Amino acid sequence: MYRLTTRTRAGTATAIAVLVLVIAGMALPAFASRGVIQDLFFILTMLTLAQIWNLLAGYGGLVSVGQQAFVGIGAYAMFAGVILLGWNPVWAIPLGGLAALLLAIPTAYFAFRLQGAYFAIGTWVIAEVTRLLVAQWKTLGGGTGTSLPREATSNILGTDLIRALFSVREAAARDILAYWLALVLVVAVTGGIYWLLRSRLGLALSAVRDNVEAARSVGVDAGRIKWAVFLIAAAATGLTGALIFMQTARISPDAAFAVTDWTAYVIFIVVIGGIGTIEGPILGVLVFFVLRSALADYGSWYLMTLGLIAIAVMLFAPKGLWGLISARSGLHLFPVRRKLVGLKIEGGI
Amino acid sequence: MILRLENVSKSFGALKVTDAVTVSVPRGEALGIIGPNGAGKSTLFNLITGNVLANEGRIEFLGRDVTRAPAMERVRMGVGRSFQIPQPFEGLTVFENLLTAAAFGRGGREADMVDACARILEETELLKKANVVAGSLSLLDRKRLELARALATGPELLLLDEIAGGLTEGECKALVETIRAIHARGTTIIWIEHVLHALTSVVERLLVLDFGRVIGIGAPDEIMASKEVREIYLGLEV
Amino acid sequence: APAIAQGAKIRLGYVSPQTGPLAGFAESDAYNIKAFLDSDAGKNFEVIVKDSQSNPNRAAEVAKSLIVDDEINLMLVGSTPENTNPVATTCEAEGMPVISTTAPWQPWFIGQQGNPGDPSTWKPFDFAFHYFWGLEDIIAVYTGMWKQLDTNGKVGGLFPNDADGNAWGDPKNGLKPGLEAAGFSLTDPGRYQNLSDDFTAQVNAFKAANAEIVTGVVIPPDFTTFWNQARQQGFKPKAVTVAKAILFPQSVETLGDAGHNLSSEVWWSASHPFKSSITGQSSAELAADFTAKTKRPWTQPIGFSHSLFEVAANVMGRVSDPTDAEAIAAAIAATDMSTVVGKVAWNGVGVPPFAAKNVCKTPLVGGQWRKKDGGGFDLVIVENATAPEIPTAGKMEALA
Amino acid sequence: MLLQTHGLTANYGQFRALFGVDIAVAAGECVAIIGANGAGKSTLMRAITGVIRNEPAMVLHRGEPIGALSSAEVMKRGIAMVPEGRRLFPSLSVEENLLIGGQVRKAPGPWNLEAIYELFPILRERRRNPGTALSGGQQQMVAIGRALMSNPELLLCDEISLGLAPVVIRDIYAALPKIRAGGAAIVVVEQDIGKALAVADRVYCMMEGRVTLTAKAADVSRQQIHTAYFGEAA
Amino acid sequence: MIWLDTLVQGILLGGLYALFAAGLSLVFGIMRLVNLAHGDLIVFAAYLVLMGVTLLGLSPWIAALVAMPLMFGLGWLLQTVVLNRVLGKDILPPLLVTFGLSVALQNGLLEAFSADSRRIPAGSLEGASLDLGLVTVGVMPLLTFASAIVVIVALNGLFYHTALGRAFRATSDDAVTAGLMGIEPKRIFAMATGIAMVVVTIAALYLGMRSNFDPSIGPARLIYAFEAVIIGGLGSLWGTLAGGVIIGVAQTFGAAVNPEWQILAGHIAFLVVMLLKPRGLFPRAVD
């Protein structure tokens, strides 16, 4: 007699649109220039990081300022796989996820003892410690950093196929491969988060966010959820880091553990777009990309503008741009509400 | 005995809120708790549910020592509770509130819980509002939701904290009927309430708490007849 | 026909740290690029400048965008290994010819190898070319300066954990073996992090070793911190010869009197006897013109920033198809020209075989900052054994 | 009228806790507000003192709209509150807790440190202790003294007997007449109906965010209160 | 001998960190504001002092005195116009706003002053030292440490012996109830940030005299300042000094083992303290 549904018209439309976009995205390298592919790679990897951070802070209440630790360790693990173990870079990427996962365990053990601002600063310190330790890793160049050897970058799995497929140069084939991987990653991460929110865990996350005490009183294990979210986020961040640095082919501790690039800009994207929604980071990353493309040639003026925009958005649209839009229109592209359908039920979303 | 408290004490700083409480509740009983504001009634609930841990004493549920067990473990064993000040998950709908409780309190797949949740919603007269965000509910509906959510965890022992306070006569009567029905299905109930007539029409025994101590326990008539209790509880000169 | 004769302009990409801590290296970019484009040689060129924000991630990213979006024909880059290495790595992977400078060749070449610790794995590059000097030149110049003084030959080294510091401090490929060969002994307490606030450990180590000379490659704030603490804690070396920290006159001026007679290597100066191949200016004229136009004192990176465009013009003049990366790379390799920083030719002279293909060396001399009477400092060249064509203007003096 | 509310409403987020409450307090008067848990009594106090802000005209002080003022501005007009749960400042000693009450507004009047120590002599002994190290009753005395330090025209007391032993409650209630004698009007919010009726001139009874009974304390019957309180005949 | 020297230098270094951290401690303690722009504000103040020295020809000490009221006003404005509007239970809005401020300040300074390394000239003081028999210490580090103590004593006096300090503590405990006492929490916050900016000016003076600065240098020490504040415990000024000293000593001892360990050792000391006492060494009764 009663049924549970999460379907809405906007949600279905989004699902179709996303499907079309993903298929189009897969086929894009056949038409698009390398510049477009590279811009998209940047957008997709930043979006992945932003979605992950949004999961942490927006849904899990874990405001981490130390995500660069996982980007960095993931990237370094990938380099280690290639340089020390001689793996193909593509196979070394999962190693990045694994390394980040392993690092996340002691990090969580430490940081979960801290609350709020203390948690934020604690994660930052851990990221610094990781950076300084990695900077002592002499075989991977220490503080100097290192580059992927040319025979590794020219031999990346699948590039031959891509070269044959699109008849492009080796470097372009590498871009396409990285772009595809980024596309897979962003779809997997966003889809995974969406699935998570629609699963039992999603209910638990919302419950914990709304009221920890009450959540515990209905049987939700708040601690375990925090652990799960933190570890998942770390592993996914590590994968993303490995992918980003496979594409860059050069690494140094300052680049891999850059708090500005991998955390501050990511926070900017999420918060400007609208935290606690899947739509927010998508909107945010587009805004960030447009700003960057339009202003980056103005040197310090660009960064100054970026800073001032962050301030202005927080003052005038504290829920971010998507918050502004959905408050006006009631639109939710990724519905997670479970509706009870049946007789005698009124009220919408 | 479904629940047994032995010499349970709890202090917040220097303030002793629960003072060597010993009480046993047989399976299937409906026990009422009364006492003045600040007597430690809600704290006693928190001790039973594990939201607060006892300083001393021992708490047994279904024959198992749960004195140190965390709240969520006790929920899964069958301790359901409502909060005196309603604590809905404000961002979730009424139905989702129940679904969360059902999925985690009983431990099952969401899809299997839909009918059970719908039944509870029906019973607590919330069905119409199933898809309304809990943050926008009126006080009455919040109280109903407290009860509904507690039921959704599938409790053997149901703890109700002042769910009739502030309700109109009609609403109160309906509530009493609901609780009776729940009790009739065999659920053990402990109910804290200031609205005495509602309480006494359901419970079999009454426990009086003052300054964290049990100052009387027995049949409602006897307890209500005691002048001491009337004075302490109502604060009115009789 | 040579590329320059054809219609479309040749596109040069240039990555420089216009903002952030390295911005000092980029201060003459606008000046030099304008001078280049205004010159005859520059008519056929377009220069696209991207700001790396002193951030290696950003440097790699803008390099890529120059290659892909702006479809440049040749990449130019300078301003320390933090800037050159990510750009060169990107170009090498992209098959884009790149000419880089203003970083000693060891951190540039070895720093881009997968496993810097294992020389057997090092590989030459196909598209990346570098001209500057190397640590062997530093050793020669520094020891030449120190030998002018009467010291016990004990040297303390300050090497941070960054590309330069690791290269200089490397026990096998760095300063140590060379100094020992020249009769000096090096005390190296270990790699510190940049922007450290305390150098007590180093001061104590140098005191314990009875060092009379301090050397290293130190960023300005760290050097100030070190030098103050050294004096406060009673450590008085006879010579302090460091790179980076006292590169810019502004940095020396921040030291006040304590800047007097500090010494450093000199890669370019207003008194270098070379001429620009594109403007015909002598070093002195270039420096004077820069000061006249910008109201800022000349600095060493100016010459190298200028020379990058000289080399680019020369190389592209010898290429018929500016889109043919292999041909450009071959033309770079075949370069043999004189620039405002000296002769540039990738002929392997003075470079070990593994790097001979990609590295070419420019002359290096030693200089000492002397306080001027009216305030300010002069950089006086005091050592030129390895480059006698550059005249000295004085003798090395011990610190007071 | 010293203070009046007109159709006062208050929300917590989307949840409405007050639905058009009208009350009035004359200068020097003592008014009791009673009602069950959650009736909205504390919310009413918060709305009056500007902790919850409102339309300006919903609260009038001597005829002037103050509904939109901040609590500091309301307080400077001579309306002081003893908040529910006492809420002493834990980092301040007893004496500092008292001093801070009269730090911003210090109108001429009978109340100063000396007078408060006289009213509650035990506080003088404990004046160096941190406020939170006192017993509940003593803390309540500090909270009252703190509100008095500014010599307010109107003193709002939210559940000053909550959780206290009867002897202590007696001591605290004994202070109310002395406070009135100093010239302040008083609003007491109480669940203990007996105590409230004993001190008040008039009484308002609230239920679910509305005033359900307004009466002279002397006239009101237990029956009436019970109905207003529980919504049902006892 | 060496160890004693290392200890003394570490303690003196701790004074510098405490000075960096004192303003942060005030702001963090009173309104739980994580000010990511703190380091950049120090650099900004350093430029202000430098301008006083170069443009007006003042001595650094006088220039700092002149800069103080300006910085106070800036802090007041910043709090009133921007920060007060984003303070709340959620730590993210202030985090993002102060990050934005940090980026904007750094690049504004770069536009205004170029990337040149600057220094506030302190003349003969720079290399001056005192021979204390067992150890030789620099006059400048000693002055820094002494100033840290003076600042902390002064702030403590303000905090515990003035009406304003009482209002600070009360607002920090419970801003709503402070409102009922007639205190405008927002005005108190503005005052606190203003005072923090005065402390920032003092920190800037020493930062600028001790070593070089340029627009990008602000964030580098921010993390030490936070560590010092947290090690000490929220709202405890002496705790902040202790926190600074712990980090300073850990750094010098780490460096004595090997300079590679210098910065790491400071961070590790922080992690260890947090593992043992998650609320810092001298936590307050509340929160």
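To keep things simple, chains are lettered A, B, C, D and E as they appear, and every chain counts its residues starting from 1.
One rule holds for everything that comes next: a contact is a pair of C-beta atoms (placed from the backbone, for glycine too) under 8 Å apart; a residue touches a chain by one contact, two chains touch by 3 or more.
What you are looking at is a predicted structure, and each value in this text was computed from that prediction instead of being measured.
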Subunit D reached from subunit A - shortest hop count over touching chains: 2
Interchain contact steps from subunit C to subunit D (minimum; 1 if touching): 2
Most remote chain, CA-based centroid, reference being subunit D: C
Maximum centroid distance from subunit B, chain identifier (CA atoms): C
Mean-CA-position distance for subunit D and subunit B (Å): 31
Cα-centroid distance, subunit A relative to subunit B, in whole angstrom: 43
Centre-of-Cα separation between subunit E and subunit C, whole angstrom: 36
Whole-Å gap separating subunit A and subunit C, where each centre is the average of the chain's CA atoms: 38
Sequence positions of subunit A contacting 2 or more other chains: 132, 136, 300, 303
Sequence positions of subunit C contacting 2 or more other chains: 19, 161, 191, 193
Shared-contact residues (touching 2 or more other chains) in subunit E: 107, 110, 260, 263
Those chain pairs that satisfy the touch definition: A-B, A-C, A-E, B-D, C-E, D-E
Touch list for subunit D against partner subunit E, complex: 49-51, 70-72, 75-76, 80-81, 83, 87, 89-92, 96, 99-101, 103-105, 130, 132, 146-147, 150
Subunit A residues touching subunit E - in the complex, by the definition given at the top: 57, 63, 65, 110, 113-114, 116-118, 120-122, 124-126, 128-129, 132-133, 136, 264, 267-268, 271, 275, 300-301, 303-304, 306-311, 314-315, 318
Residues of subunit C that touch subunit A when the two form their complex: 18-19, 50-51, 53, 55-58, 60-62, 64-65, 68-69, 81-82, 85-86, 89-90, 92-95, 107, 111-117, 121, 123, 125-126, 160-163, 165-167, 191, 193
Parts of subunit A lying in touch with subunit B, wherever the complex brings them together: 1-4, 200, 203-204, 206-207, 209-211, 213-221, 337-340, 342, 344-349
Interfacial residue positions of subunit A with respect to subunit C in the complex: 33-35, 38, 42, 82-84, 132, 135-136, 138-153, 169-171, 174-175, 248-250, 252, 254-255, 258, 260-261, 296-297, 299-300, 303
